[in-house]
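The next block holds one structure in the form of structure tokens; read it before the comments.
Labels run A, B, C and D following the written order; every chain starts at residue 1.
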Amino acid sequence: MKPKTPLNVDLLRADFPILTREIGSANKKLIYLDSTATAQKPTDVIDAMNDFYRLNNANIHRGVHTLAEESTAMYESGREQVAALINASPREVIFTRNTTESINLVAYSWARTNLQAGDLIILTEMEHHSNLVPWQMLEAERGVRLEFVPITNDYLFDMDAYRELLKQEPKLVSFTQMSNVLGTITPAKEIIRLAHEVGAITLVDAAQSVPHLPVDVRDLDADFMAFSAHKMVGPSGIGALYGKLDLLNAMPPFMGGGDMIKTVHLRSFATNEVPYKFEAGTPAIAEAIGFGAAAAYLQNIGMDAIAAHEQEMSEYVLEHLEEIPGITVIGPSAAHKGAVASFVMDGVHPHDVAQILDADGIAVRAGHHCAQPLHEKCGIQSTTRASFYLYNTKEEVDALVEGIYKVKKIFG
Amino acid sequence: MDDLYREVIIERYKTPHYRGHLDPHDIFFEDDNPVCGDHIEITVQTDETDVVKAAAFDGHGCSISQASADLLIESIHGKTLDEVKSLTKDDVIELLGIDLGPVRLKCALLSLKVLKAGAYGLGTEEVSDALVE
Amino acid sequence: MKPKTPLNVDLLRADFPILTREIGSANKKLIYLDSTATAQKPTDVIDAMNDFYRLNNANIHRGVHTLAEESTAMYESGREQVAALINASPREVIFTRNTTESINLVAYSWARTNLQAGDLIILTEMEHHSNLVPWQMLEAERGVRLEFVPITNDYLFDMDAYRELLKQEPKLVSFTQMSNVLGTITPAKEIIRLAHEVGAITLVDAAQSVPHLPVDVRDLDADFMAFSAHKMVGPSGIGALYGKLDLLNAMPPFMGGGDMIKTVHLRSFATNEVPYKFEAGTPAIAEAIGFGAAAAYLQNIGMDAIAAHEQEMSEYVLEHLEEIPGITVIGPSAAHKGAVASFVMDGVHPHDVAQILDADGIAVRAGHHCAQPLHEKCGIQSTTRASFYLYNTKEEVDALVEGIYKVKKIFG
Amino acid sequence: MDDLYREVIIERYKTPHYRGHLDPHDIFFEDDNPVCGDHIEITVQTDETDVVKAAAFDGHGCSISQASADLLIESIHGKTLDEVKSLTKDDVIELLGIDLGPVRLKCALLSLKVLKAGAYGLGTEEVSDALVE
């Protein structure tokens, strides 16, 4: 899938003020290879929030003065921009704090209403803690059962094992569309189609997919989808839950408070319409505006073009990392993954790798990346992870490779 | 301000032409604006060909919500139910003849929402802003 | 209580860029009398977040590179600044989205663990929906009982009725320290002392008190306290829950996910320490930094000085509003309230009052202010509310009064 | 970088002096760093006057966590339990001789946290960063 306009990375780097940052006493130019943890923000996004606070700030939905009308319109247009990015209707997009809260919302509101003891939830072995712990909590509280689709030897979603598990008639299949460690892209559309065949509801953890791939909730036919603004050039403090309207309408509220109600009496209340029913209290207003600006920024560049650039980066980095003696990259071949390279290095702990790279201005992440069970499965404690986004270049990969050789020398 | 408070709005607010409750009626619906607790109910009588013979509204709220209800009710006399169902936001804006932000727009559209919910025969839980978008 | 330095309002107004905003086609200077809904932000706060995104942005707690170390330190120092404002230890301050989530956290984690069917929760008739609906939800789900301390004829917390209710041995007393409609300041310390005598836990809804009054959790001996950054010159998207350490330690987590765990296996997890146990997923990082800047800004000016200025404003506005024929202010005398004036006007709906004032650049709020039961109690649908903060002046009150006379003329 | 990776740290990481597990022991404790899954356990033998006779650590982790554990264990030989209990963050920083940000500091302080939790006889649920602040 060739994008119409390939990215002009040099040009778009100028949109990200932090990329001129210098690191450490040696003033090394920042090489930011940690976008899977959180992405950097373009001026468009930063200024949208800045301007809001300087010009328009007011509380929303409840005020008739000019600032309140402006703020309400800006907040809702943020929702429209986010909805447009995933081809949803704005009404189906609930603002949350992050992917984690989106998943917990489904666990509290949908699952606690619809699941009974013994009901089966299917997850995968490569889930982020955020798509694991909420279900473990539900298991402990309600006695639902959890089963895990394994990963194959080449780090892919095990479709055969999944088909076997489906025979047990799960009520929910909740899975990541892209692993934040392996980079593995799962066949979401097929997973959802098969889940629907046995009547299961599906939740897509799209924390890593919406920022990096074209994602269309209608085409996928996803029931729920969770993602975070901060991983897609948007602000911290806001995320989204997409849900099919019928499902959302039928769900009880999660948190109670202002804005999620239609009427309140001392001893009763009636809930507001979706999506407001799930947005209790003053929402993240500036953040919704920034989230909208982020979605518009990405859509303007084109998710196809971004995905193609990352595919190229992914091939390049895998090729070069795998050449280094003593380095093992954990994950599938470039054809099946996003631009995430997690690796182990013989005899050197990832923290030490990351620390030494940092001295050259190279920011990578070290640890279990909130996917401890996946690391256990792979028989390792932790990995060093370099991840790439629209603003990364091949020169930065070269610097990474050079840095790794330095690590080897120090710990040699 | 002069724009917003056109004379007709203040006038209809103070002395509405269609305030009341029709009994018997063929259509009844009521709803609240969660923002301010404003309330509108409408009653409609139709003839055997589904044409509006008579209609009225009741409730309380700001001049925009009450005046728009009054003007809206006036406008549907003689219309078929299908015509009522196809009324839009823009029709109400035209009746009022003023520009409104998203919050005030909710005041203006409450009566349309209630009217269309009634015309479609919806249940209380089914009424949604989608009716007036 | 005379503050050491009275506010220099003219000087500090320059800290708030939005105050130079002009409204409408007639370019009226903004007169912002809606701080009870949300406060305006000083440059300090806006720039702290802006600079963070331009210079330091990274995900926290899990990275060893320079940006991650900086971001972690800045986030935690935000927590320290917020804790300092209320005299808490940083460990006792959990970041949430807003007051509403803080209260829901207590309702889900503490109350669902500690309360049984039949257990009594005492609230008041003047609660915001956020301190009402979560308990109504719990009543519906678990069969707890709710009782309400009434307000007296002069709009004060009815201490006698409260003492009576305490005989029923409530498990929780959850109440507002300042009503967002009446402005009533409740005797929080005494309410808490009496609750503790019968063994009840206390939750203070401090959404309106922390921004406007000196608040000391140790002095109050509060068990839980909830407040929002956006009402105290801080950003949207973040709030805080204070809790006594022993209580927090004993509570189960609320949401599950990254950061709130110590270890995760496929089928089990162990929770992280307080406060992280309650901060699942990537938190509102920039917002925590902005929240810290807001707390520091207020503390630097001095909460005593702010409270004294508001007291003066409150007296001034009540005096002048009550002189206007056809205006009734709903609330206690200035001695017992914050700088909030909610009023009704004969024959004119609050929306119309607010709209006409807006044409003169005056931003006030109209509606039930998320306190519908209180309005029902007072026999009214809605009110117009003018509220005041450190940046408001007597000239602005004069403009309000003039504006109200205009409304009377139009609807006369 | 030279500052951070002082030779002693790399050396102690590669060939620690006090890695092991003492049996019998008077004190045992273990804990993880939630950030990276690093693990430290310590075992301590004391004499009848509560003076540390022997001590060892085991576990896995980065050079900072392992070297600081090794240096810390070395430093407590001959100390009383009361002295062990009063060790602070600053003592570990001094042993390492480098500056650390808040995240790396957690690596460095894991062994102190484990050691003090053991010295105080805490339960697994009671261990907290407060021990090393």
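Rule of thumb we're sticking to: a residue touches a chain if its C-beta (ideal position, glycine included) is under 8 Å from a C-beta of that chain, and two chains touch if they have at least 3 such contacts.
The structure presented is a predicted model; accordingly, all values stated were derived computationally and were not measured.
A.B. asks: Report which of B-C and A-B is connected by more C-beta pairs in contact.
C.D. replies: B-C
A.B. asks: Between chain A and chain D, tell me the centre distance in angstrom, where each centre is the average of that chain's C-alpha atoms.
C.D. replies: Using C-alpha averages as centres, the distance is 36 Å.
A.B. asks: I'd like the Å distance between the centres of chain A and chain C, where a centre is the mean of that chain's Cα atoms.
C.D. replies: 31
A.B. asks: From the mean C-alpha coordinate of chain A to that of chain B, what's the distance rounded to whole Å?
C.D. replies: Taking the average C-alpha coordinate of chain A and of chain B, the gap between them is 43 Å.
A.B. asks: Spell out, as numbers or ranges, the residues of chain D touching 2 or more other chains.
C.D. replies: 35-37, 104
A.B. asks: Touching at least two other chains at once: which residues of chain C meet that condition?
C.D. replies: 62-64, 66, 68, 261, 263, 351, 355, 366-367, 372
A.B. asks: Quick one: label the inter-chain contact graph as line, ring, star, complete or other.
C.D. replies: other
A.B. asks: All pairs of touching chains?
C.D. replies: Pairs flagged as touching, ordered by label: A-B, A-C, A-D, B-C, C-D.
A.B. asks: Chain C touches which residues of chain D in the complex?
C.D. replies: Residue positions touching the partner: 32, 34-37, 101-104, 128-130.
A.B. asks: If we count contacts the way the header does, which residues on chain A are in touch with chain C in the complex?
C.D. replies: Listed in rising order, the residues of chain A that touch chain C are 17-18, 21, 23-24, 30, 32, 34, 37-38, 40-41, 45-46, 49-50, 53-59, 62-68, 97-101, 103-104, 107-108, 125, 128-130, 132-137, 146, 148, 228, 230, 235-239, 253, 255-261, 263-269, 280-287, 351, 354-355, 357-358, 362-367, 369-370, 372-373, 376.
A.B. asks: Where on chain A does chain D make contact in their complex?
C.D. replies: For chain A paired with chain D, touching residues are 349-352, 355-356, 359, 366-368, 372, 375, 381-382, 410-411.
A.B. asks: Which residues, counting only chain B, touch chain C once they are in their complex?
C.D. replies: Touching chain C from chain B are residues 1, 4-5, 10, 14, 35-38, 60-65, 104, 107.
A.B. asks: What residues on chain C touch chain D, complex-wise?
C.D. replies: 61-64, 66, 68-70, 72-73, 76, 91, 261-263, 272-274, 276
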